[in-house]
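One structure coming up, written as structure tokens, with questions to follow.
As written, the chain order gives the labels A, B, C and D, with residue 1 at the start of each chain.
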Amino acid sequence: MKIDAALLGATGAVGQKFIQLLRGHPLFRLTELFASERSAGKSYGEAVTWKLSAPPDPAIEALPVFSCDQEPRARLVFSALDASAAGPIESRLVSLGHLVISNARNHRMDSDVPIMIPEINGSLLNKVSPNKGALITNPNCSTAGLALSLFPLHRAFILQSVHTVTMQAFSGAGYPGLSAWDIVGNVIPFIDGEEEKIEQELPKIFGRYNGKSFRPAPISVTASCNRVPVREGHLLDVRASFEKPFTLEKIREEWALFRSEAPYLTLPSSPGSPVIYIPTADMPQPSLFHEKNSMSVYTGRLKALSEKEICFKALVHNTVRGAAGNALLIAERAALIGLL
Amino acid sequence: MKIDAALLGATGAVGQKFIQLLRGHPLFRLTELFASERSAGKSYGEAVTWKLSAPPDPAIEALPVFSCDQEPRARLVFSALDASAAGPIESRLVSLGHLVISNARNHRMDSDVPIMIPEINGSLLNKVSPNKGALITNPNCSTAGLALSLFPLHRAFILQSVHTVTMQAFSGAGYPGLSAWDIVGNVIPFIDGEEEKIEQELPKIFGRYNGKSFRPAPISVTASCNRVPVREGHLLDVRASFEKPFTLEKIREEWALFRSEAPYLTLPSSPGSPVIYIPTADMPQPSLFHEKNSMSVYTGRLKALSEKEICFKALVHNTVRGAAGNALLIAERAALIGLL
Amino acid sequence: MKIDAALLGATGAVGQKFIQLLRGHPLFRLTELFASERSAGKSYGEAVTWKLSAPPDPAIEALPVFSCDQEPRARLVFSALDASAAGPIESRLVSLGHLVISNARNHRMDSDVPIMIPEINGSLLNKVSPNKGALITNPNCSTAGLALSLFPLHRAFILQSVHTVTMQAFSGAGYPGLSAWDIVGNVIPFIDGEEEKIEQELPKIFGRYNGKSFRPAPISVTASCNRVPVREGHLLDVRASFEKPFTLEKIREEWALFRSEAPYLTLPSSPGSPVIYIPTADMPQPSLFHEKNSMSVYTGRLKALSEKEICFKALVHNTVRGAAGNALLIAERAALIGLL
Amino acid sequence: MKIDAALLGATGAVGQKFIQLLRGHPLFRLTELFASERSAGKSYGEAVTWKLSAPPDPAIEALPVFSCDQEPRARLVFSALDASAAGPIESRLVSLGHLVISNARNHRMDSDVPIMIPEINGSLLNKVSPNKGALITNPNCSTAGLALSLFPLHRAFILQSVHTVTMQAFSGAGYPGLSAWDIVGNVIPFIDGEEEKIEQELPKIFGRYNGKSFRPAPISVTASCNRVPVREGHLLDVRASFEKPFTLEKIREEWALFRSEAPYLTLPSSPGSPVIYIPTADMPQPSLFHEKNSMSVYTGRLKALSEKEICFKALVHNTVRGAAGNALLIAERAALIGLL
């Protein structure tokens, strides 16, 4: 008996990734699709311009697309809505009692809404009532990679400040997103709003929740974002300083030991290792994602800059761990503890 | 009456750029070409696999290619030799009385050899004797952009530390350089030896010369280098802290006021403004170089991170200011002060 | 005393190329700019998102942008309008007495409107009255390369049929045009309407005008179009059969002898050789256009398939000879014979 | 009980694809690896610069690499050798009694060696003795796509002539293969020797074997090859004429009905449909292969040019059906009929 799930924003790039990852999912069954007025009334096959390689199941293509005005029957709602629409739609569904897991940025910084990476702060789900509505948000795609790679180090050595320079894939801008004219053979040293998101979200994810609101962790975060002509995979150059002394060996050990605690390790989308360090000199590269979806963050090129400071590179699959895949892992954990 | 010039390493990627930039040059006439044994004895047209768009002059194509064992007749020698060969060849020519301006890294860190960016330390040419041999080196291509963009700020506010994350064009690796397989749609977070070069060269360029050797400026430099699928133009993310207080307005002013001092401003390769700040939100981009060679460094996205620290982006044309163009500007200045 | 020129569709990709090519033009002075309602009332600098590398002159940036409802003062009007708007606007200006040289497809196949490539059928300008309005159209960008490369052969051997497979640059789709998502690392084997244009336009260009209407030449043309991840330069694979016997040597000779006849050879945009054959095995390549605008078509890889049939490759700069540059050459010729 | 298999040329690009496709294969177990002298004596993990995304099994990485001088113990030998080495090595192993399935071009046109695409001429395996050595070759990667897409049409309407213009992925050139400098943002209208291979191999594959030698089918084939900046997937523009009348509907039907006959349909690498027609206007595109290996050829854009002539596009995965995958399918069929 699978759990029914609804999907908002089903025709967009993130919506398509949700559909791809939910194909044959052992826990969830996608039963309702919602999109903009333009798509409502059509079948999904008619409404979507499919952009991923393997096409969706015929059963999904046959599903009708509903307007976001309508209420899903399923308690579980994934939101892949664009930020221009997500805000009030998600709020309304929460007030109607749905568990909404959203990839949109709109409510991330609301005082009582968690930004969740299950391996880091998944236990916040324990505060959600199985009978009430609730909103859980994904982090920004770059934040996801940054937070996962830093969390085991933060736990061990207490993170004080971090500066990241990102090189982000164009799929992160959705479809149609960037014009070929702008990005082919080029780098664009700016992504609107992205730096602010990273700078605000990481302290919140590493912060504390007192039952009513979040107090961000006292970590100084600065980010400088760039768009590169890569399809999938955000590469981050990370410079971090810690309160406690460390050795490079211990850092590699913290990454290697970092595991989702039982029983969450066995969830369908749970990676064996959330962070995988690659010792090869020229890794990690986005080409690691050429043929696969991955929920793990890959790190490499670890160096000590001083006694308190390191730098390293981190690679995160922006549409998987940075979007649909992380939301799915949240839902799987919610299902396991009886919230669905 | 133009000055004769010889070119070592004429068939490689940097050699070709020298030939392109010397075409119709008002001061210099390329009269002798040198390359590896494999090319020696052929005409240049036979020996070269030309990789730039406009082909060389027929007169250049007809020139014979000599082995680097032979001595040029011209006093002025440009070296575009590969580091695997440059060391002893350049030393020998200096001992034979030539003025060698080299793009190779081999002698850059020699205690008595300057790394020259004319607008910064071109006055070191005044110590060269018009009757003796001398070696002047170009900086590494990324260092060139970093040093030019920081020098006017260093002069005004005293640079203490700098961290740069680079996104470098594949033309910097020469020809054939990178395999398409490795870099198309990808980023490689490593360039062998590049970080060390940047970290060592910048303090030397900003340092002092006591007539015998160089004392590096006390600046902490760290670099993290990446290769991106861009043809020409290295983009640098720069984070810098200063001893003296600054304002963003003053920084933009220092960049705008930075000029080559007279009479060097009128040299053929001298840019009107060595540093050009672009206030547009998403600039500078490597595509600025799609149709032109440029000796200027473009900066943008200037932000204050703290009272002592800023970050910004800088773009340098790696094969022009980062290689052949900078060497040419050195030679032009040497000609002006009677060294040739 | 330069001739005033107006430009319709000034903010689009083709409009920008017109502005780039008209910079410092010896015959024409761009005095009036027209664009859509959205841009009207702004200065050009405010209205445009400039996409070419060197920015326009400050004098051009300061020009006001007018709505296309208004009538230009200049007799000479370049139209870079989108096909969705060009039709009635161009007709109205012709009826008001303007000489309109258009890159839009709308009127190309009108029975009394020439599709002009000056080296082929520029003498049609002699039928234009200096006191009346007239419309002259550019061919489609691929047709331009196909027609130029085939015309000298047609003149000598009488073309019977041609089949072309095109590999077209994404700049041909305008801005924003193609999404990076669709074209990076990919080929799209379809361009809407393009094959029909090529198939109809070539016979018309090679056809006859009886003073009232055009009779197409009896040539069978088939085309199969593809979009490739190239910025500028359409590469065409051409297979052509002729009525008269030929030799490969004679074909290369016809290309080499093909010249604009005097006095048109000295027009500012006139290429020395409209067709340049490159004997190198792996040429022509779009990278020939990396650093330059070119009005010449480059051919290569000439082979005989049978006694009557050849195949070869042809490369045309789609935004220069295939758009703004060809229109400019038409206008230069019109000026020379006193139509302006 | 799996069948042991040896692999020659294990470290190259095609060799790596063999290893990827043999991972977990139900019939074969890769037990011996052979490569050049340079790699011999190392473990595979030490010898290889792995270029595909998922790394090989640790068990494969631990295998020793032997020199090609040595004889494999396994009867079944896959050859991914470079053409510079393959000729005599393969001949020797055949004379020693091995069944060699080769991707190298060296022996393809030998009078008694079949070029095999199992769905077309797999029955030639019935002439191989289970006790003797034999050599079976793969077609060239473009030929594979051309032959598969044309075979069902040839069977129904008798192919007379075909002209193909190819747009080929750079992975077809092996590793390192093309320099980024040459192919990024470019098309190269030439692939050395490729056109000849296509022109010779297709008639042989469609020809007859009299027990001693092959007589090519009387089909005129011409090819014009281009390299495009695509990682995987050769796209072919095909123009074909037939002896018998056809309709487009019948052609689509022939493609749809084309199946591997029983019992070969159930072989592990056998595609359900060797040719899949996609009716969408802008298909097939190489991006179809972004996330998957495919043994099917995709066709699209079918048009009639005349009563006897059609054109269409065909897409083949060059390293799968065009190389390792086709060889694997041959071996699976050989195993089924008891040759191994």
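Basically, contacts are C-beta pairs under 8 Å (C-beta built on N, C-alpha and C of every residue); 3 or more make two chains touch, one makes a residue touch a chain.
What you are looking at is a predicted structure, and each value in this text was computed from that prediction instead of being measured.
Relative to chain A, the chain whose mean Cα position lies farthest away is C. Looking across B-C, A-D or C-D, the pair that copies the A-B interface, with over half of its contact pairs the same by residue number, is C-D.
Per-chain Cα centroids separate chain C from chain D by 42 Å. For the pair chain B and chain D, the distance between C-alpha centroids works out to 47 Å. Across the assembly, chain A contributes residues 182, 184-185, 229, 231, 287, 290 that each touch 2 or more other chains.
Note for the complex: chain D touches chain A at residues 52-54, 184-185, 231, 287-292. Listed in rising order, the residues of chain B touching chain D in the complex are 13, 51, 170-171, 175-185, 229, 231.
Interface residues of chain A facing chain B in the complex, by the touch rule stated above, are 163, 165, 167, 182, 185-190, 192, 222, 224, 226, 228-231, 235, 237, 239, 281-287, 290, 300-301, 305, 311, 313.
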